[in-house]
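These are the structures, in structure tokens.
Two complexes follow with subunit A in common, the first pairing it with subunit B and the second with subunit C.
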Partner chain A sequence: MRQPVKDKGGPPSVAVPETAAPGARAARRPATGAWPAKRADLGIKLAGVLVVLAIMELCSRLGVLPRDWFPPVTSMYAELFRLIVEQPLWVEIGRTLRAWAVGIGLAALLAVPCGVLLGSIPLAYRMARIVIEFCRPIPSVALIPLAVLVYGTGLEMKVFLITFATFWPLLFQTIYGVQDVDPVARDTARAYGLGPSARFWVITIPSAAPYIATGLRIAAAIGLVLGVTSELVGGAPGLGRAIAVAQSAGNVTLMYALIITTGLLGLTLNSAFAAVERKALRWHPAQRQEVAR
Partner chain B sequence: MTLRRLTLFAQHLVVPVVLLLAFGLWSAQAEDFFFPPLTEIVRVFADNWLFDRVGSDLVPSVLRLLAGYAISVVGGVTFGVLFGMSRILRTATDPVVQFLRALPAPALIPFAMLVFGTGNSSKVFIIVLGTMWPILLNTLDGVRGVEEQQLDMARSYRIPMTARLAHIILPAASPRIFAGMRTSLGIGIILMVVSEMVASRNGIGYFVLQSQRSFEIPAMWGGVILLGLLGLTLSWIFVRVENRVLRWHRGANGLLPESDQSSKKAGSTARKNAPEVNDA
Partner chain C sequence: MLEVSRLRKVYGADPQAAPAIDDVTFSVADREFVCILGSSGCGKSTLLRCLSGLIPATSGEILLHGDPVLAPPKDMAFVFQDYSRSLLPWMTVARNVSFPLRYKGVSKEDAQKATEEALEAVGLSGRQKRYPWQLSGGMQQRVAIARALAYRPKILLMDEPFASLDAQTRFDLEDLLLDIWRRFDVTVLFITHDIDEAVYLADRVLVLEAPAKVALDVDIPLPRPRDQLKTKQLPEFAELRTRLFSAIQREPAAL
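The block that comes next holds the complex of A and B.
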């Protein structure tokens, strides 16, 4: 059962594309070493970004796209630079990030114990299933009006929404991780007379860890989306509201600078989580296998 | 056997029923403004959605979602195949794709309003922008995962490119494509609601927000429940289609016939929440 799940992009495959890539590349081009290939890749990537930016700049300068809507890219980045130097940007980023961190922290504190419980007791899983299956598809954003009503337009509202939205991926990843414990390892531990609590810490938690890490990475992305959305729709202070304010004030360049900031923030968070995931779980069979291949 | 089934059935139902009963009893006497009596919510839900507002709010929402989703599937698969087959193209576009994927789509709502106005097209644009990337990246990985031997075989038999695409590459990538599509479906519903909450004149998201602003709390809860039901229905339809299309794949992996309920469940749950969006 394990093999097919992996094939279909289950959690273990997090590592597949990343670690399999160098091997495949090396097989195809055996002459070049790892370093020159990496540097060439970097060159191509830079070129790709530059081409896109240059096209956008030209379209705006030459008037292919209406200048009022698409200011030149250079002026967007000039505005971004001004914002970075003059501080207000950091305040907005801080507001968004604070809610994000608290929300995900709370979600992890709630979801991981629940997931361990539901994953290790089949009866509990069966009993909770319908409730979970009904709550999960409710788009978290549908609760924005309720959250605004109950919590007002401050930090609490954002935290509530982020926690609700990130709870589900964390819960499901944990349940699946706990259910996916290698039966041989579990039986071996039992045969060697390890008690339930020792089995839990030595077997269950380590083997569920990669799944939880993946859940955290998914939650990081979802949390940011919810943070920005609740600021945009609910009017809580932060990056999302700043974007909306800039747009309604007609300051298009500022709006783009803020959108770029949001994108870069998302990119940073995502790569940070992915890097931590790779580093912390290097020992895990799912990652080791792929490296060895 | 039947008794065992009956107990299983009862185990599934007991918690939801108890919760509903508890909430019904509590809300009937609580007089809480935010949590109106269950009977009231059900009555208002029936008033609104059987079938007064179906044509005015539900249908436009679903149509926008389907339009955006369809564009994303076509675009994501096309570009995914393209990037999957060309290393240069894939490397060159990687930073831009990663940036656009990491950018929370709702942040672009003001941009969409500026460029597309407040009509349908801006909402479809937002949905496309959020749902395209999981499909694209999964297709890309799926295409890269095609067995080298098969491709070499096709090359040495001089099978034309279109046939290679139709008979080797796309079928081999289809499990991954579906995994991406499933992630995208959930994102699409979220973006459908968000896009309707900003500068809109109809749609379920608009209805929920308006209900809250006019303090019609039961109507708001009705909208939330409807969204839950919509999500449930769409994902049910999706699973049916996926099982149908990927039947050969399940069969080949020995997943379909013998595997017991629990492992199948675990597998499908995992796929639902798996990191479909791989960061290569």
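The block that comes next holds the complex of A and C.
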């Protein structure tokens, strides 16, 4: 489980003179030279991708890999393009994403208050400990038969599984976040007469926010895995079932196109969450890019 | 204005355990600048935390204007040593200064005015929209001082506020503090382990001995306004610092 890096605080080891340039000014200096460097970096990365794709294409065309099970990359992408232009792909993506969004939303609504409670009341944490340790290791996919039995093969089943799976990382991140409030910050608030509820909103929640944001990013990835798995195994409509249908129809190229779609979807969701995190938590040491120390 | 009598603090439940504060009695007059001087581990910080009402004393009494201090009083402000952790990184400089005012019942306009005034007093006007971590250490501690000023306290408690700054910044902030002390009519109780700093700033220096007990109460009759060069060249300054130095030096020998 990834956690945001915690700033240990304390004075910087090297004394900063009073006239030190504030962050923004210090940032502009490397930034002027950074654009070409960033571009070159992106170019190198893309070149890497192209090399891999070209090798795959060659292997398939030259028959190094059996063409029946491994069609050329170009035809996979041609198929993907066809799917994008013709509506069905968007319908499938919509089905998967709807369960994903509802599931994670529900998990957040449940996990964040629970985490706040467990994180701030040590007795509650100790009481809940064993129950949590028992429930958490259950692989969520093991619950698919149960979920199908109870909820059928529709949206509800998927939402249940996604909620269950993403509840845990969100719960733990929230607990860690709430427990990790800086004692000096808390003392400061207390010395300035903030009562318990004011301290909760002014100190605890902002301190825990980076942890919760990380929890959401983890949950986004897990939620997609669970969504696609439950469609594949449980037969709920969505990208997963479309892959299963393509398989039973023997349409290997279509299968690959759909698999690529799920990969791209995961990548997009992760980047979106990371971008929101960067913007909203600009103040957090792990996100500070402009400060020169 | 502040009276401390027979203060004792023992951490934990066992009353027989070694006390962090043994038996401290002193008083601070209105608008006085008092430094509490002691080597590390002598219970200075515990004493200040008790005085601010952050932690309860085991026995003894703390009276502020005759009222016992049981929780952080509304006319007391605290400046911590660890400014980078005392300032909240998700708030701008202005928010860091103004957020306590809302809970003190200050109106929005008054809070804004007090914030601007306080930031100007510490020489940071124009940096309201910055974040504390974009500023140097000295500027961060200025923000913390501004926050204390905007709170309009009668008494300012400072826990080694300049201990982690470099020498030049420390001298600047010492002079800034003296200036503020005069202009804002506050009483200051300042904890430090630096003898020169104590003599330079204070009207009176209390030497603390471990476990915290007032070993010496010295008046500092140096003329004001003080000057980093001229004051420190006075023969009286040297005399006072020698006296305090030998008082502090005596303790390790006793251990």
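Please note the rule applied: the second predicted complex is superposed on the first by the 252 of 293 C-alpha atoms of A that agree within 3 Å, B and C clash if a C-alpha of one lies under 4 Å from a C-alpha of the other, contacts with A are read in each partner's own complex, and residues count from 1 in each chain.
Note that in this section a residue touches a chain if its C-beta (ideal position, glycine included) is under 8 Å from a C-beta of that chain, and two chains touch if they have at least 3 such contacts.
If you're wondering where the values come from, they're calculated on a predicted model, not measured in any experiment.
Contact with subunit C, but none with subunit B, is seen for A:Ile203 once the two complexes are overlaid on the shared chain. Look at A:Ala107: by the touch rule set out above, it reaches neither subunit B nor subunit C.
In the superposition on chain A, A:Thr229 makes contact with subunit B only, not with subunit C. Judged by the touch definition given at the top, the superposed model places A:Glu133 against subunit B, while subunit C stays out of reach. Of the two partner chains placed by superposition, only subunit C is touched by A:Gly195; subunit B is not. Using the contact criterion defined above for the overlaid structures, shared-chain residue A:Ala185 touches subunit C, although it does not reach subunit B. Considering which of subunit B and subunit C touches more of subunit A, the answer is B. Once both structures are placed on chain A, subunit A residues 7, 9-11, 16-18, 24 are touched by subunit B and, in the other complex, by subunit C. Residue ranges on subunit C touching subunit A, taken from their complex, read 49, 52, 54, 72, 74, 76-78, 80, 82, 84-86, 88-90, 99-100, 103-104, 127, 130-131, 133-139, 147, 151, 164-166, 168-169, 172. By the touch rule above, subunit B contacts subunit A in their complex via residues 8, 11-16, 19, 34, 87-88, 91-96, 98-100, 102-111, 113-115, 138, 141, 144-145, 175-176, 179, 186, 189-190, 192-194, 197-198, 204-205, 208-209, 211-213, 217, 220, 223-224, 227-228, 230-232, 235, 253-255, 259, 262-263, 266-267, 269-280. By the touch criterion given at the top, residues 7, 9-12, 15-20, 22-24, 182, 184-185, 187-195, 198, 202-203, 206, 209, 281, 283-285, 288, 290-291 of subunit A touch subunit C in their complex. Taken together, the subunit A residues at the contact with subunit B in this complex read 1, 3-5, 7-11, 13-14, 16-18, 21, 24-25, 41, 44-45, 47-49, 51-52, 69, 122-123, 126-131, 133-146, 148-150, 168-169, 172-173, 175-176, 179-180, 214-215, 217-218, 221, 224-225, 227-229, 232-233, 239-240, 243-244, 246-248, 252, 255-256, 258-259, 262-264, 266-267, 269-271, 274.
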